[in-house]
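Heads up, the next two complexes both have chain A, just with different partners, chain B and then chain C.
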Partner chain A sequence: MSAGAPGSVAADLLVLGGGLAGAVAALTARERGARVALVRRAPGASALSSGGLGVAWDAEALPGEALRSRRGWLESARRLAARQPEHPYAVLGEALEALPAAVAFTARELGALLAPPLERNRFLATANGAALGCALCQRGMVAGDLLEVPGKLAVADFRGHLGWDSRLVAGGLAAFAALGGPEPVALQLDLFTGPGQGLLRPHELARALEPPGAAEEAGRRLREALPAGAGAALLPPVLGLDPAARVPERLASAAGLPVAELLSDVPSVPGLRLQAALDERLRAAGVELVEGAVERAEGPGEPLLAGGREVTAATWVLATGRFTGGGVVRRGALREPVLGLPVHAGGEDPAGPRLHSRPPAALTQARCFGPQPLLAAGLRVDRDLRPLGEDGRPVHPRLLAAGAVIGGHEPAQDGTGLGVALLTGWLAGRVL
Partner chain B sequence: MPDPAERYDVVVIGGGVNGAGTARDLAMRGLSVLLLEKADFGVGASGNSSGMIHGGIRYMLSDRRVTELACRDSGYIQRIAPHLLFRIPFLMPLASRGEEATLVERATWYATEVYVGTYDKYQPLKRGKPSVRLSAEETYALEPSLRPGLRGAVTLDEWGIDAFRLCALNALSARAHGAVVRTWTAAREVVREQGRAVAVRWQDALTGERGEARTAAVFNATGAWSPAFARRHAGAHVPMRPGKGVHLTLDRRFSNYGVICTAVDGRQMFLMPHETESIIGTTDDDYYGDPDDLEASNDEVEYLLEGVESLVPGVRRARVTRAWCGLRTTIHAYGPAEDALSREHALHDHAAEGAAGLLSISGGKLASYRAQSQEAADRLVALVGKPVRPCRTHEEPLPGGDEVPDPARLAAEYGVAAPAAARLVYRHGSRARAVLGLVRDDPRLGLVLCRDEAILAAEVVHCVREEQVRRLQDLRRRCRLAVGGCAGTDCARVAAQLAGRELGWSAEQVRAELADLLEVGWRERRPVLDAHQLVQEELLRGVQAGLGVRR
Partner chain C sequence: MSSSRLSSLAYLAWRAVGAQPAKRIAQEGTGAERFEKNYAAEGLVPTTDQDRKVAEAASACVACGVCEARCELMAATPHVRALGLHTAFRLYSKSTTELPWAREALRACESCKGCESACPTGVPIGRVIRQLLDRLERLPAPAKAGRREP
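Right, the complex of A and B next:
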C-alpha cells in the first residue's frame, strides 16, 4: 500500500461496504494481486446472517416433491433469472454461470467457518420448524442437512431457557419425513438451569458453552437424552461464539453423534461469527481497512474521504447494502446516499415514470407475504455491474455495484439470500 | 345441533367498549348474558381511539351539563381502574403569525384562557389539575421541541388509557360475573318470531362450532358494522355517518407534554406522549367504504405530520412506526362538516321495524362508555322485564383495579427489574402479583421478550391463561406484543412458542399464527415505511423467511 499524505491511501480498487459482497470483491481482487482498500462505517448486514447462505431454491417444486429430486441452486438460479428479468441473476446474462466459481471461492476463503458446497441445496431447519435450502452454510450446521441424517434427528432445546422449543421444530420437520427427511424426535437438555441463566441472551449462552468442560458436559447430557436410532442432533444456534472454541465438535464427540445448529434469527450468533471471519480474512489477505462513514465521495479517480483518511483508486465497487446496510435510504424518497445515484423500485418500466418518490403504499401490496417492490429497491446495473444513471447509461466506466445495493431482488423473500452478494462481489473483484 | 338449553336474558353483539361495558353492567345486575365478538376485544373504534379519558371540554360551548357528566364519569373510571390511567398534561400554545400579535390573536389567546379556565371548574371531578398560563420562557423550558416565536401556552390536564385493555377488562369482568364471552365468534343471524328478536345464531371462526342462543333481548353494539348488521338481520335502520380517524405512533416519547396543534384546515389535532410512545391524531373524514377494509392512506399520514410540524418542526425526523385507524360511529346528520358533528350517543329500539327486543347503539365516546353502558343496560333490563340489582359499574373495580401496588417494592420482592414491574402494575394493577408469581415459580418466565418495553414471558403466559387469548394476535391487544418499533423481530417467535404450549397448538398452527401476526402489523406499517422503519421491515422480512411460508 503506497501512501502520500499521512493517513492517505492509494489503491487499485476501492470497495465501499463491509458486508459479504464487499468482502468477496476485496478478496477476489487481492487474490489477483490488486491493491485494495475497503471503507466501511460498521459491520455489514451479513452480521445478521442466519448462518446459511442461500443462492436460490427450487420455487417450481411441487408440494410434496421429495427433497432429493429438487433442483440444485445453480439450476434454480437460472430459472429465477428466466422468471424475473429484473433480478440481478437475469441482468448479468451469461455471467450467472460464474455462480459455482463464486460460491467455491467464498467457501475457500472462509474455509475455517464455511463447509464446502454441494451441487444441491442443503435443507436446514429454522427455529420455527421450517426447512430452507442453502448453497453454503457454517460447518457446525452441515450435520443438520435433512438429507444427510443417518437415522432419527434428535431436536433438542434447553430445560433452563425458553428461547427455543424443540417440539415446535420437530413438529415442523415431521412434515419433511415423507419427503426424504429424517424422523424428528424432540427432547430437552438439562442445561442452563442455574440462577439467572434462563435470562441470558443468545451470545451469552454461546459464550457459556465455550470454557473447557462446558461443551463436553452438554454433550454428555445430550447422550443421556438421545432416543434409540438417533443419527444426528439439532441444537439452538448458540454453540459457541468463537469457532476456535470448537464447541460443536467437542459437543459431538462427547455425545457420540454428529451435532448441528439450527439456522438463527436475529440477534444471530452465526452472523457474528461470519462477520468475525470476514474481518479476519480481510486483514490476513492484506486489504487496507478504513473505518468510518464516508465524508466526501465524488467518484472513481477522485480522492474519497472517510474516517479522516483520504483514499484514491481508479476503480470503485459500491457494496453498501440496502436499507440495513445503509446503501439505500428513504426519507420521503428513495436515495443512494454516497454518490446520489438513481434508485429504482422494482417492477418499474425503465422508459416510464420514476417511482422512487411514490408513497410507500404505492410501492407495496396489501398482502404481506408477497413481492414488495419497495423492499426490492436499489440500483439498476448493466451486465458489467455498472450502475445506470437517469439516462439508462453507466454513470462511470470504473464504478461498479455489488450486493444488495443492486435492486430487483429481495434477498430474504425470493430465496436469493446472499447469492447476489457473493456472485456480484466475485465478478466485481475481477474487473481489474 | 344447537343446544336447546342455551338461553340468555341478553345477547350482546360486539366486544368494543360499549358491548363489553354493557355486558359487564348486565351481568353485575344479575342477568344472564352472552357476549359475541367476531374478532377480539376492541379491534374496531374502541381500541383504535386516541386512548384518552377526557372530560369533554368541547361540549362546554354547547352544553355544560354534558361536560360535567363526562368529567364525573372520567372520575368513575379512575375509581374502577386506577392502575390503567395516566396523566397527560397538554399545552395549548399561544401562537401568532407575525412579529407582533394582532388584536384578533390576542383576543383568541384570552378566549382560550377563559375557555380552559371554565373547564377548571369540572377538573376536580376527574382529579385533574387546574390550568396554568405559562410565559414563553416557561413554555420552552417545559417543551423545548416547540417552534420558536410562541407567546406562551395554557395547560390542560387530561388522562390517557390503554383502550384495548379497557375493553378486555370489561369483558373479563362480565365473564367473572357469569356472562359467557365468546371471541372470534360471529353472530350469523338474528332469529325473529312474530316481530320479536328471539335468538341469535353464532359460529366460531376458529373451530367452526355453531350454536343458537335463545334470548329476550339483543344488543347490537357492533360499532361501524351496526347499520349493516341491523339491516341484514332485522331489516332495521341505524342512522350513522361513519368518520375515519387515523393516528400515527412514534417510536418514543417525542415530547414531554401533549401539544394541541392546528391542522392545515383549521381542525384541532394533537401530539401526545402515551405510555412508551407518542401518538399523533387525528383525521376525521366521512367514510363510505367497507369497515373491514380500513387502511391509512399516504395523504392522511402527510396531513397529520404537517399539522404537528407547524408547532413541533422536529417531528419530520421522528420515526413513525405505525398508522392505524378506526371508524367513529357518529350519529347521522346531513350538512355539518365531520368535525362539527355531535359526539353524543343514541340508542335505537327497533320494535317499530318488526324487531322488538333489538336495541342498537351509535355514537358516543370512549370516556363516557360507562355511562353509555349504564343507559343501554337500563333499556335492555326494561326489555327483559326481570327484577335486577342496581348498577354498580361506577363503584366496583375492574379486574386488577382494587389496588395499585408499589412497583419498587414489587420489583424488590420478586427480583425483577423496576421498569418491568412498573409496566406490569400499569397494565395489570393488583394482578401484577399473579404475573410475578409465575416468575417466582418458574424463573425462566422472567425472560424479557421485548427490549423496547420489557414484556416478560410471564406476562404472555398470564394473558394466555387468564385473559381469553385465542389467537397470537390477541396478544397485540393484551400486552402490546409486536406493536412496538421492532414489530415482532425479537419477541414474536418466543411468544408464539409460549402461547402454543399453553393452547396446545401444533407446529403448523404456531407458524400460521406467527404469519397472521406479521400480516396484521404489516397493514399498519405499510403506509409509513420510511427511514429506520424501512430498515426494520427489511429485518422482519428475514423473520418471515424463517417461517417458510411460500408466497
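Right, the complex of A and C next:
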C-alpha cells in the first residue's frame, strides 16, 4: 500500500479515529476493495464500552409495559428520528433503513466477540440493577438477557470485593420480574478473598480467571452457592480479558448453568475486549494503521502528517469522537481540533446565534433528564454525512464525519452512541 | 454603639495601622521564602507555573482505567499495584507530604511510558510523572524524626 517516500502512505480512504465508527468505516471500505489508512492517537471512547452496543430503545414504552412487548431497535430508532429532528438518525433520512445491514456487518466483522443480533433488544443488567436494551452485546452477556433466563436469576458478586454489589443488582432487577423478567436472587462467591484482593482492579480479576483451572474453580464455587431453581447466573464483567480463554464457557460448564456478565462501568474489561477485537480485525483486514496524533491536516487530497508519516487520500472520514476521544474540545469555546470545523451545541438554531463560546453553565441545565446542549455538541452534517461549514454548506465534497463527532444526540441519555457509530461508520465506508 | 463593638473596631484599626505594618518591617525574605519557612515542616513546596500547567493537562483524566491494563510494571509485579496513572493522580490530588512514599514507584514508572499511548483523552502521563519527581526533588528534607522515608 505504501508508495513514494519511505513512511508515506497513499490510500483511497483516510479514516481519522480508532473507535468503533472509524473501525467500521475502515472495514466497510476494505471489504469493497479500497486501500484504507486509519490514523489514531489512542484507543477511543469505545474502549470504555459497557459491552452492550445500544442502537435505540423503546423510549415510548409505558412504565409497566412488559419487556417482550417493547419495540425493537429498528422501530425505536425510526421513532427517535421522528421525535428528534437533530438526531443523526433523523439527519440521515432514508439511510436510516440501512441500520440492519450496518448492525449485521458489525456483528459479522466482530463475530468472535459479539453475539448475532435479534430483532428485539436484549435486556441486560447494569451494575446498578437497571436493565438496558442492547441491539448487540458481547457473547458472554447473552445468557443474561432478562427474557431468556429459564427460572431464577442468580446474581453473584465476590465476597469482600469492593467493585460490585449483588444485592443492589438483584434489588433493581426485582422490578423487572413483573414485566416478564426472572426473579433475581443475590449471592456472594468466596473468590478473591485473600489479603489485598478486595482491591484488585477489574482487568486483574479478568486475568486471574484466565489460567487453566481458575474459571473451573469459580464455577464450582458458584454451583455450591446457587439457589434452588436458578436458570442462569450473572457475574461481574470480569470473565477474562481475552475471549479466546473462553472463561464464561468454562465457568458455565463447571457451574452447570448458563453464565453471563453484567454490563460494565469504567474501568471496563468488556471495553478493552472491544478495542482489542477492533485492532485485531483492522490488522487482519489489511488496514494501514498509523499511530500518533495528527500533526498537520489541511483537508482531503492534501497530505496529512501523523506519527511522523504522511498519508494522502482523496476522501477522509472524520471519526474522532466527542469529548473523551478528543474530536470536540472545549478551550474557551467548543472546537473541532483537527480541521477547525464549526461545532454546534445541541438544540442550536443553525440560522440563529452561535452558542459554542458560551460558558458551560449556559449550555447545561439543572434538570438532569432534560436536554443538555453541551453534551449534544458536535458537527452538523448533511444526509451524506458531510460536515457543514458556517454557511450551512458542506465544507468539502470528499470530507465525511462518522460517530460521536457528529452532534445532535446525547449517547448517555438515549443509548444510541455505538448505534450511531456503526451506522454512520458503515455509510461513510461505502462512499467510495 | 455598644462598647464591645467599639473595642472591636479599635482593635481592627490598631491591626491595620500599627501591628501589620510593623510586622512587615520586621519580617525577612520574599513571600516564597517565608512560605517555605512556614510550611516546610508540613512537607509543602510552592506550586510553580509548571505544576499548574501539568495539573491542567492532568485534569483531562476521566479515570477510565485503560492505561492500567497496559501497565507492564503492574503486570510483572502485581504487589506494586497501579504504578501508572492511577497512583500518580491519587498522589497528585493529595497532599505532597505523602509523595516521598511513592519515590521508588515513580522512578520505576519514569522510564516506561507504555501507558501514554493508551490514554483516550490524551493525558501526558510521562510529563505528570516527571513533574511529580521534580516536585519530590523540591521537597524539603523531613523535619520530624518520626517521618521516615520508605
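As a convention for this text, the second predicted complex is superposed on the first by the 429 of 432 C-alpha atoms of A that agree within 3 Å, B and C clash if a C-alpha of one lies under 4 Å from a C-alpha of the other, contacts with A are read in each partner's own complex, and residues count from 1 in each chain.
Rule of thumb we're sticking to: contacts are C-beta pairs under 8 Å (C-beta built on N, C-alpha and C of every residue); 3 or more make two chains touch, one makes a residue touch a chain.
What you see is a predicted model; the values in this text were computed from it and never measured.
J.: Record, for the superposition on chain A, whether partners chain B and chain C clash or fit.
T.: clash
J.: Quick one: is A:T324 in contact with chain B, with chain C, with both, or with neither? Answer first, second, both or neither.
T.: both
J.: Tell me the contact category for A:L241 with respect to chain B and chain C: first, second, both or neither.
T.: second
J.: Touching A:A362 in the superposition: chain B (first), chain C (second), both, neither?
T.: First partner only.
J.: After lining up the shared chain so the two structures overlap, which partner does A:A10 touch, if you call chain B first and chain C second: first, second, both or neither?
T.: In the superposition, A:A10 touches no partner, neither chain B nor chain C.
J.: In the overlay, answer first, second, both or neither for which of chain B and chain C A:D165 touches.
T.: Touch partner of A:D165: chain B, not chain C.
J.: Mind working out whether A:L48 is in touch with chain B, chain C, both or neither, as first, second, both or neither?
T.: Touch status of A:L48: both partners.
J.: A:V266 contacts which: chain B (first), chain C (second), both, neither?
T.: In the superposed model, A:V266 contacts both chain B and chain C.
J.: Would you mind checking which one, chain B or chain C, touches more residues on chain A?
T.: Residues of chain A touched, chain B against chain C: more for B.
J.: Using the superposition on chain A described above, determine whether A:A293 touches chain B (first), chain C (second), both, or neither.
T.: The answer is second: A:A293 touches chain C but not chain B.
J.: Between the stretches 74-82, 110-118, 182-190 or 488-496, which region of chain B is in steric conflict with chain C after the superposition?
T.: The segment of chain B occupying space taken by chain C is 110-118.
J.: Could you give the residue numbers on chain A that contact chain B in one complex and chain C in the other?
T.: On chain A, the overlap between the chain B and chain C contacts is residues 45, 48, 199, 266-267, 324.
J.: Under the touch definition given earlier, write down the residues of chain A that touch chain B in their complex.
T.: Spelled out, the residues of chain A in touch with chain B are 45, 48, 50, 126-132, 160-165, 167-172, 174-175, 195-196, 198-199, 263, 265-267, 322-324, 329-332, 359-362, 364, 366-372, 374-375, 410, 412-413.
J.: Using the touch definition up top, name the residues of chain C that touch chain A in the complex.
T.: Chain C reaches chain A through residues 62-66, 68-69, 75, 78, 81-82, 117-122.
J.: Inside the complex, what are the residues of chain A that reach chain C?
T.: 41-45, 47-48, 199, 201-204, 207, 241, 266-268, 271-272, 275, 291, 293, 324-326
J.: What residues on chain B touch chain A, complex-wise?
T.: Chain B reaches chain A through residues 295, 297-298, 443-448, 457, 489-490, 493-494, 497-498, 500-501, 506-508, 510-511, 514-515, 518-519, 522-523, 526-531, 534-535, 537-539, 541-549, 551.
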